[in-house]
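Heads up, there are several structures right after this.
Note that subunit A is present in both complexes that follow, paired respectively with subunit B and with subunit C.
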Partner chain A sequence: MDFNLENFKESLLSGIEYLPNTLKLVFVPLLIGLFLGTVVALVRVYRVPIIDKLLAVFVTVYQGVPIVVALMIYNLIFMLKFNDIAKALHIPKTVTNVDNIWVGIFALTLTAVCSISEVIRGALLSIDKGQDEAGYSVGLTKVQTIRRIILPQMVPVAIPMLINNVVGLIKASSVVMAIGIIEIVAGSIIPSSRTYSFFEGYVAAAVIYWVFTIIIEYLADVLRKHTGRFRRNLYD
Partner chain B sequence: MDKLFEWERFFDNIPKMVPYLSVTFSIAIYASIVGVILGILIAVIRMKKIPVLHQFFQVYVSFMRGTPMLVQLMLIYYGLPVFIDHAFGTNINREWSTVIFAYITFILNQGAFLSAIFYSAITSIPYGQTEAGLSVGLTEFQTFRRIILPQMVRVALPPYGSDLVGLFQNSSLVFLIGVTDIMGRAKTIGTVTKHVIEAYVFVAIIFVIISLMIRLLFYYLNKKLDYGRGRRALILKEL
Partner chain C sequence: MIEIKNVKKSFSKLEVLKDVSVRVEDGQVVVILGSSGSGKTTLLRCINFLENADSGEMTLGDIHLNLKKATKREILQIRRKTAFVFQNYNLFANKTAIENVMEGLVTARKLPKEQAREKAREALDWVGLSDKYDQYPSQLSGGQQQRVGIARAFVLHPEVILFDEPTSALDPELVGETLELIKRVAQKGITMIVVTHEMSFAQDVADKVVFMDEGLVVEEGTPKQIFSEPKEERTRQFLSRIISLDANYSI
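Entry: the complex of A and B
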């Protein structure tokens, strides 16, 4: 088969040019997700009345919605209703001068919050109840116990699963091309539509993603070894 | 512009969309059945460390896990016709319907993911058990069937459940290569009637129901297989 290297190179460069957009689509949701996800997980594990039930229902239901569908719905609402909402909130902006990458970030953020909260909840539940009681018995407040005893122990348990989540987010971020945001995939097929070399374009996109995830997994391994160093028992 | 969301249009859409669910289900079923076979094959090759194939499938699994489903779908959709055209001189673009490309992609993808699940499930069982089986005179296959497999299923079940949920969600991507599944149908309804949000909301509800049913099913399966495991099983379930 004829694989045009020239077109491939062009697509690769064009795809890399749009890497910052993908980074934005991955790391903004990730940071917000880590923060809100931990809050949601703590609320659910420590059974804050009413809110925990609401969050449990929301997380379970929302995890069932495919991200493309959610994205399409948000994009539609954004296109049709943004002007009204902006007017109601007295924001001097219309839909034409807001980049729709924010719709993508919003959709990915909600997904990230849900999946990260599940990971952190699992990690929190793996920590023995005795740790809470020990903290309480030496006179720490609840917040102190969580901050000084529970969270540091939770991190190494959560990290392997979190990495899966980050890789999942990177992959999910490709879906935003469906609403016309230009990221790696859409970027690498920009030259393809001129030269009609779509296969080369998508191979270029695949290569960029592959390298990206391999780097993330390598970094994750380093991080895992670093955070797990206090947990290593004598038999290791 | 009239109202954004109307229940009347929502209920009108339902009979138009439900038949297309079969496309989504057929993708999921093909991908599950053939994917499990492929996954077992790859897991066996990785366990036995068969040279060349072992390395090949390592790269293959890494590729499938490291690239988005969307890109894989597009690669098969654009790449396979070119490849087959050169190898056999037939133009499959004209002869095959687009849904076949979706089947192939999902089978290849599931094979990779399931092989990883099976592999880690097999390796989670201490090797001493295999040795014990062999030492009492069981053949290798008997050891696997009677000792490893029953224990392995318990470990593999929870990740398989979440994989299945993910498979259904990913199958909603096939509308991007022009397969009319339930999502593609929602889009065509949108172009005809200019009101697409009701259709999208219906799609979302359908997928939520599917995912809840799968979770419920696997919750009960887990519970059934949970005998005599105590705390460890509890943790696995929570994860």
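Entry: the complex of A and C
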């Protein structure tokens, strides 16, 4: 099999052109996931009555569905029902002039919320109950204790598992190809369909993902060391 | 004055506190003795609402409340008038020694930061940690951590400080100096309730000794009454076992 460097370069540039789409597909779900995931985890760890049970069921059920299946379902709902829903809500838009990248972002966001909430729940459970009690004993409220004592200790514990999640999210973002959104992979093989250099196209996509992932892992490690200054760990 | 009346508490089927009443006058040091499982730690935790009692009443200064039906505001009010020193220190792991001491002042009492820092410095100097302000708990020894814990409680000038076996987790070497420090807190005239196994501390410092067994107060009185002339058989048993234990080991 020949490897055509020219075609590879062309694919690389084409893939990078669609990097912003992948960034949107990763960072919007990540940010929403971090926020809502933390809320879900706190509700479950601090046992807010009823809601905690509902969320536990939701997370378990939702994590049992492959992203691509969920994506297909949302996309069908979007295609078939968007016009009706928009009309009911008096939004002057039809399905033809809305970018369906938002369907992809929606699907990835729900997945991210569920998996990140599990990571954060694990990290919260690793913190000794005595830390909460110490907070209450000096007169802090529950919210103050969580904000000032528990969350800062949770972050460095959660980061290694979160990196794993973010990397997973980066790679999972390529499934949106299935509903016709162009991101790194689809972008990289645009030139290939003209030159028949699919091999170079996919390798180019792999290289872009690889560099992207390495940068993320590096940044996360810096962040982990910074937020975990108070911990004494011989392996750091 | 702090008074608790008819406190009951069960953990599922296990009745830990059966009907306990204790009264502590201002400035008094009360030591609670008893074997493991007698309910002394649970009693202390009920006072600070770290456990919710099943029934009982409490009076602290001018606050009077039902332990079972206390509202969130009442609980916060009580917690802001009391302080707790834990067996395993429970320093905030993400905060330095001085931040640990400042936390209650700044966040709960809304003291300006600079003022709180000044007070925290004084408290840490007072417990002998003037060179450890900026160390994290993980960088301090057990004895030093417990001294920070005492400073953190003391700096709040609470109406009562609750000590839950403050020296049980310490090296034998460090027990003496920590007890010495607690004695100095007592000499400041702060009301204290101390759960401990250190008999000599109870003899030296306590104004009143309460002996608990199986969720009940068996006997209370001055250290002299309890140690020299115990009235109840159960107290005598407990003391003789402890004292013979001491004798066995001091070869």
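The working rule: the second predicted complex is superposed on the first by the 232 of 236 C-alpha atoms of A that agree within 3 Å, B and C clash if a C-alpha of one lies under 4 Å from a C-alpha of the other, contacts with A are read in each partner's own complex, and residues count from 1 in each chain.
Going forward, contacts are C-beta pairs under 8 Å (C-beta built on N, C-alpha and C of every residue); 3 or more make two chains touch, one makes a residue touch a chain.
Keep in mind that this is a model prediction, so the values were computed, not measured.
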Fit-or-clash call for subunit B and subunit C when the two complexes are aligned on subunit A: fit
Which of subunit B and subunit C A:I149 touches, first, second, both or neither: second
A:K93 touches, of subunit B and subunit C: first, second, both or neither? neither
Which of subunit B and subunit C A:Y202 touches, first, second, both or neither: first
Computed vertex angle (subunit A) for partners subunit B and subunit C, CA, steps of 10°: 100
Which superposed partner A:R194 touches (first subunit B, second subunit C, both, neither): neither
Minimum C-alpha spacing, chains overlaid - subunit B and subunit C, in Å: 16
Overlapping contact positions on subunit A, where the subunit C interface meets the subunit B interface: none
Subunit A-facing residues of subunit C, complex: 48-50, 76, 79-80, 82-84, 86, 88, 90-96, 103-104, 107-109, 136-139, 152-153, 156
Residues of subunit A touching subunit B in the complex: 1-2, 60-61, 63-70, 72-73, 76-77, 80-81, 121-122, 125-126, 161, 167, 170-175, 177-178, 185, 198-199, 202-203, 205-206, 209-210, 212-214, 217
Residues of subunit A that touch subunit C when the two form their complex: 128, 130-131, 133-141, 144, 148-149, 152-153, 229-232
Residue ranges of subunit B touching subunit A (in the complex, touch as defined): 1, 4, 62-63, 65-72, 74-75, 78-79, 82-83, 85-87, 165, 168-170, 172-173, 176, 183, 196-197, 200-201, 203-204, 207-212, 215, 235, 238-239
